[in-house]
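The data blocks that follow each hold one structure.
Each of the next two complexes has chain A plus one other chain: chain B in the first, chain C in the second.
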Partner chain A sequence: MMEIHKTSWPMRILVFLLFVYLLAPVILVFPLSFSGDQVLRFPPSFWSTRWYSALFANSQMLQAFWTSLSLAAIVTALSIVIAVPAAWVMTRLTFAGRDLLFNLFTAPLLLPTIVLGLAILIVFASFGLLATMHGLVFAHLVVTLPYALRVLAVSLSTQDRACEEAARTLGAKPLTVFFRVTVPMLTPGIVAAAALCFLVSFDEVVITLFLTGPRISTLPVELYNYVYNQADPLVAAASALLILLTLAVIMIVERAMGLGKAFVK
Partner chain B sequence: MSAVPTTTPVPAAPRQWRDGELAVLLLLPIALINAIGFILPVLNLARYSFNKSRVGGGIEAVFTWENWAGLLSDPFYLELVFNSVWISLAITLTTLVVSYPIALYLHRASGAWRTFLTVLVISPLLTSAVVRTYGWIAILVDDGPVVGAIKALGLPAPSLMFNIKGVFIGLTEILMPYMILALMAGFGRLDPRVEEAARTLGATPSRTFMKVILPLTLPGIALGCLLCFVLAVSSFITPKLMGGGRVFLLATEIYDQAIVTLNWPLASTLSILVLIVFGAALWAYSAVLRRLD
Partner chain C sequence: MTSAPEEHLRLEGIGVSFGAVNVIPALDLSVRKGEMVAFLGPSGCGKTTTLRIIAGLNKPSRGRIMVGGRDITRLPIHDRDMGMVFQSYALFPHMNVTRNVAFGLQMRNIPSRDAESRAAQALDMVQLGHLAHRKPKELSGGQQQRVALARALVIEPSILLLDEPLSNLDAKLRDEMRVQIRALQQQSGITAVFVTHDQVEALSMCDRVVVMRGGRVEQFGTPTEVYERPATAFVANFVGRTNRLKGAITAEGTLTAAGHQLRSATTLPPGAVEILVRPHRIRIDDAAETANRVKGAVSGITFIGDLVQYAVRVGDAEVVVEEATRRDRSALAVGDTVTLGWSAEDTLVYPAGEQ
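And now, the complex of A and B:
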């Protein structure tokens, strides 16, 4: 191997600095969450856990957290149940207009969330779905289903068909093949799709902003409103916990199929 | 999983399901959600942009060009569109410049180190935009670490919050992961042996970069730029939180018109305008790709 493939030191330092830039806001919230100051100041003049106490005493935030958690759980479960059969059709059957349908089903991802949020707001207003749990579930499904369909379709199309063929030849009925062969082999894909749907739903803020109100609110929307009105270290405490939750979900995906595979390919 | 059997064929059924029937049955739920939650709202949005608004959020269902004519003759909105496009382009180019070295480094890295760095790149992507914007507010506030460091150097410290500078810095960082992933996807064509050949034949590092590496990675650059431009034009959280009501862009104006002023026809018209800008970006992207081929 020639020397030129060793990255030069100036390049390494540059890459390091750019990584610092990329990760600065995420890393900063951890020390900031232990601030003892009344206002947003970095570095804090003294350390304390007062903002964690304040966070857990904030009933509005806790309420929003439980709403977000149950919303994300319901949306994830529904996304998988709806997207697995759909992805199976898209990869195992051939029919006219299949590619067109696939593009149509994944099209909501192409639309900016600000436009989609407004579009859904106007329609939901006439259906009476604003600021309701089922309205939020439905709106989140519009954005999570394309992700689930994509990840599952990739998993299904790279799956070895020989096992399914073998099961069929040995006399297994189609439904048996599906549940005893296809689904078990699809487990890593399902885990990745579920994790992605959960994170997308749990973090969704723009569309949700249009659809929530005083009656029902999610954690990202509450955090948005909080930061909009005042910026104190309370949000740092909430952010630190959110990042840890995200890391936990990422580790599950990494375990199941390798993160690089799930997102890059 | 208990809901799946209801949408899959009963195995005991004596007759064979035809592919078409099976497809319709299994695709019905996703098709319904797509139709009610995506197609209907978007068509309705287009219709609203030709409707008259009433004070308080209602509309009059009459066909009118009023919204479009008003929009295109109002200097405020013309400037808004111009600013949004111009700032988004500048942010896209900056994102490209700061992402390229990371993507190139990641492309050349291998093994566990590469996996670790890739996770570092993806992690911010999975962190809420609110959280990351909040992090930037903490960094850029008037008595924050950045302004403090500039003052410590004895230089006049610019105000970085509640103006376009802060939005620029924050948004660039927020878009970096998208750009890096798009670049890496396009770097697949970059074979290290080609670089090696150029260097062996006597090309300087900068010449190798300009004549070999850059041309080969142009498709990835085009894709990353399209992605980031589109995301920048429609970004809402960062300009709203970091702009402090003083930065007016297309996306923030759509939200204000929809939620604060309750002028849904105008908000719809602005939304369709965003989609037109998207279409133009997509057209430019495919034109670039054609020239590259």
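And now, the complex of A and C:
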């Protein structure tokens, strides 16, 4: 048996320590969320589910959760609808300035989000888009579209072009080829891009901070504001639930096609 | 017996240029109805490009494509009615085998029940009826290629285009598929164009062979013509194996190479020449009188099983001789002196420096 595991002991210990370092804060959230204490303290002096009850009784938090959920759903759907044809144009057509355009579209990935947030604040203020749902949708699209575009462009460029060509020779018009061959073959990429967009939008804080207000707020911003005022284990309960939601999204992707297939390729 | 078969496909001055580079200068070609023609040549010779131009997947820079007397040069791909088989098979991974085969019929608005029964027939034709509900990735390479063939044939296309369809198969399967593709093509009487870099496929499957190089047609003829009477030294080298000797034709018209005087059926003006002789057309120590007889020393023996290859040093040249293995052949050894003999017809002579 020892022959199979070639990894040396010091290496294994190092990997274990790295995992502990990476995951400890995430795992600590779970015991913290079942604390019965009034303040965040580890280890908790006694156990209770009172902060979960408090969370579900907090109408402001629940409101923010539904806002975040519907915002992420709308942003994800729009991102896919926009990015699939855009990625197709970027990978299937050749025209002057294509690479420039692609880099321009994916540039927000490289910009510091604080700069983007300020820029969006200034522009949106003059259009009256602050603290509105469609304002948030527009702002989040700026962040999610580059992700979707990149993931889908990679998927499309690794697709066997001969399948599209075969469909054309068999009598399919270009639009039929797109919907009957290209998009179905792109499904793993679409699922991966959608999961990514959903998580990015649901998690987005920096830009959203500039655009939310008493009228409308998202869960991450609400949590931030909450912690700013009082440090009780309610945020731990919320965080624990968010971790579970993220895991659920990843598991859906995994069930649908396998993580490796969706993200690695 | 029959009148000359009518022309079905015609390429008129087809050319492709990328900027100032002429990839295909001007190609003229005529394919008869029901005929299977091979485009044979090394990679980069323009054979696949020409095939894709016929399918409409590539646009020619100039020239016309005629099918059945109709100009289809400007016709979009989906209206061309061609069945194409790709090197990568190009089956739709998200559809099962039946739906793959029925795809072309659906595009022709054939009701799905008819389409499915015709797809089933086509699958029976390639002996895959029992795998109708599998997904492509659950099939072997050979099976996938047969599905691709059924998919291309089921629409009864005006031309069947095959782009290196056997390159991804192993040797044994390739032999089987060669026979099967040819049989299907002859049964359906479909006009077919077959792109390959493998001379065995071209010679054994096709009625006529177009040998291409650098976007030009070197020779267009039957397999026998191309093999026995290669138009150029390139064709002789590319189709089948040859010995290449440097030689010359003197002012008096005698052909000399490797210190010997040779006789050929071809006559060329005086000058430097290249002489090509196929290894299996040379006999070793044969009593029969042949036009050419030269002495040499065996310098190497390679036993291949059904063949033995002898390398024989003749003057300053090395000549390879191939012989079917026989039990009665007295064993030759390296260093033995032998007499090589071959006919004047087997001595192919081309002006030197042609390639």
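By our rule, the second predicted complex is superposed on the first by the 249 of 265 C-alpha atoms of A that agree within 3 Å, B and C clash if a C-alpha of one lies under 4 Å from a C-alpha of the other, contacts with A are read in each partner's own complex, and residues count from 1 in each chain.
Simple rule for what comes next: contacts are C-beta pairs under 8 Å (C-beta built on N, C-alpha and C of every residue); 3 or more make two chains touch, one makes a residue touch a chain.
These figures come from a predicted structure and were not determined experimentally.
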**Asked** Which of the two partners, first being chain B and second being chain C, lies in contact with A:131: first, second, both, or neither?
**Response** neither
**Request:** For A:74, decide between first (touching chain B), second (touching chain C), both and neither.
**Result:** neither
**Request:** Applying the touch criterion given at the start, work out whether A:54 contacts chain B, chain C, both or neither, answering first, second, both or neither.
**Result:** neither
**Message:** Taking the superposition on A as described, I'd like to know which of chain B and chain C A:173 touches: first, second, both or neither.
**Reply:** both
**Request:** Using the superposition on chain A described above, determine whether A:160 touches chain B (first), chain C (second), both, or neither.
**Result:** second
**Request:** Scan A:184 for contacts with chain B and chain C and give back first, second, both or neither.
**Result:** second
**Request:** Please name the chain, chain B or chain C, that touches the greater number of residues in chain A.
**Result:** B
**Request:** Kindly classify A:242 by the partners it touches after superposition: chain B alone (first), chain C alone (second), both, or neither?
**Result:** first
**Item:** Which of chain B and chain C A:109 touches, first, second, both or neither
**Value:** neither
**Request:** Would you sort A:121 into first (chain B), second (chain C), both or neither based on which partner it touches?
**Result:** first
**Prompt:** Of the residues on chain A, which ones does chain B touch that chain C also touches?
**Reply:** 173-174, 176
**Complete:** In the complex, the residues of chain A that touch chain B are 2, 4-5, 7, 11-12, 14-15, 18-19, 21-26, 28-29, 32, 40-43, 80-86, 88-89, 93-95, 101, 104-105, 107-108, 111-116, 118-123, 138-139, 141-142, 145, 149, 173-176, 178, 199, 203, 205-206, 209-210, 220, 223-224, 227-228, 231, 235-236, 239, 242-243, 246-247, 249-250, 254, 258-260, 263-264
**Request:** In the complex, go through chain A and note every residue touching chain C.
**Result:** 160, 162-163, 165-174, 176, 180-181, 184-185, 187
**Complete:** Seen from chain C, its contact residues with chain A in the complex are 55-57, 77-84, 86-94, 103-104, 107-108, 148, 151-152, 155, 161
**Asked** For chain B, which residues count as touching chain A in their complex?
**Response** 1, 3-5, 7-11, 19-20, 22-23, 26-27, 29-31, 33-34, 36-38, 40-42, 44-45, 48, 98-99, 101-102, 105, 108, 115, 117-124, 126-139, 141, 143-145, 170, 173, 176-177, 181, 184-185, 192, 195-196, 199-200, 205, 230-231, 233-234, 236-237, 240-241, 251, 254-255, 258-259, 264, 267-268, 271, 274-275, 278
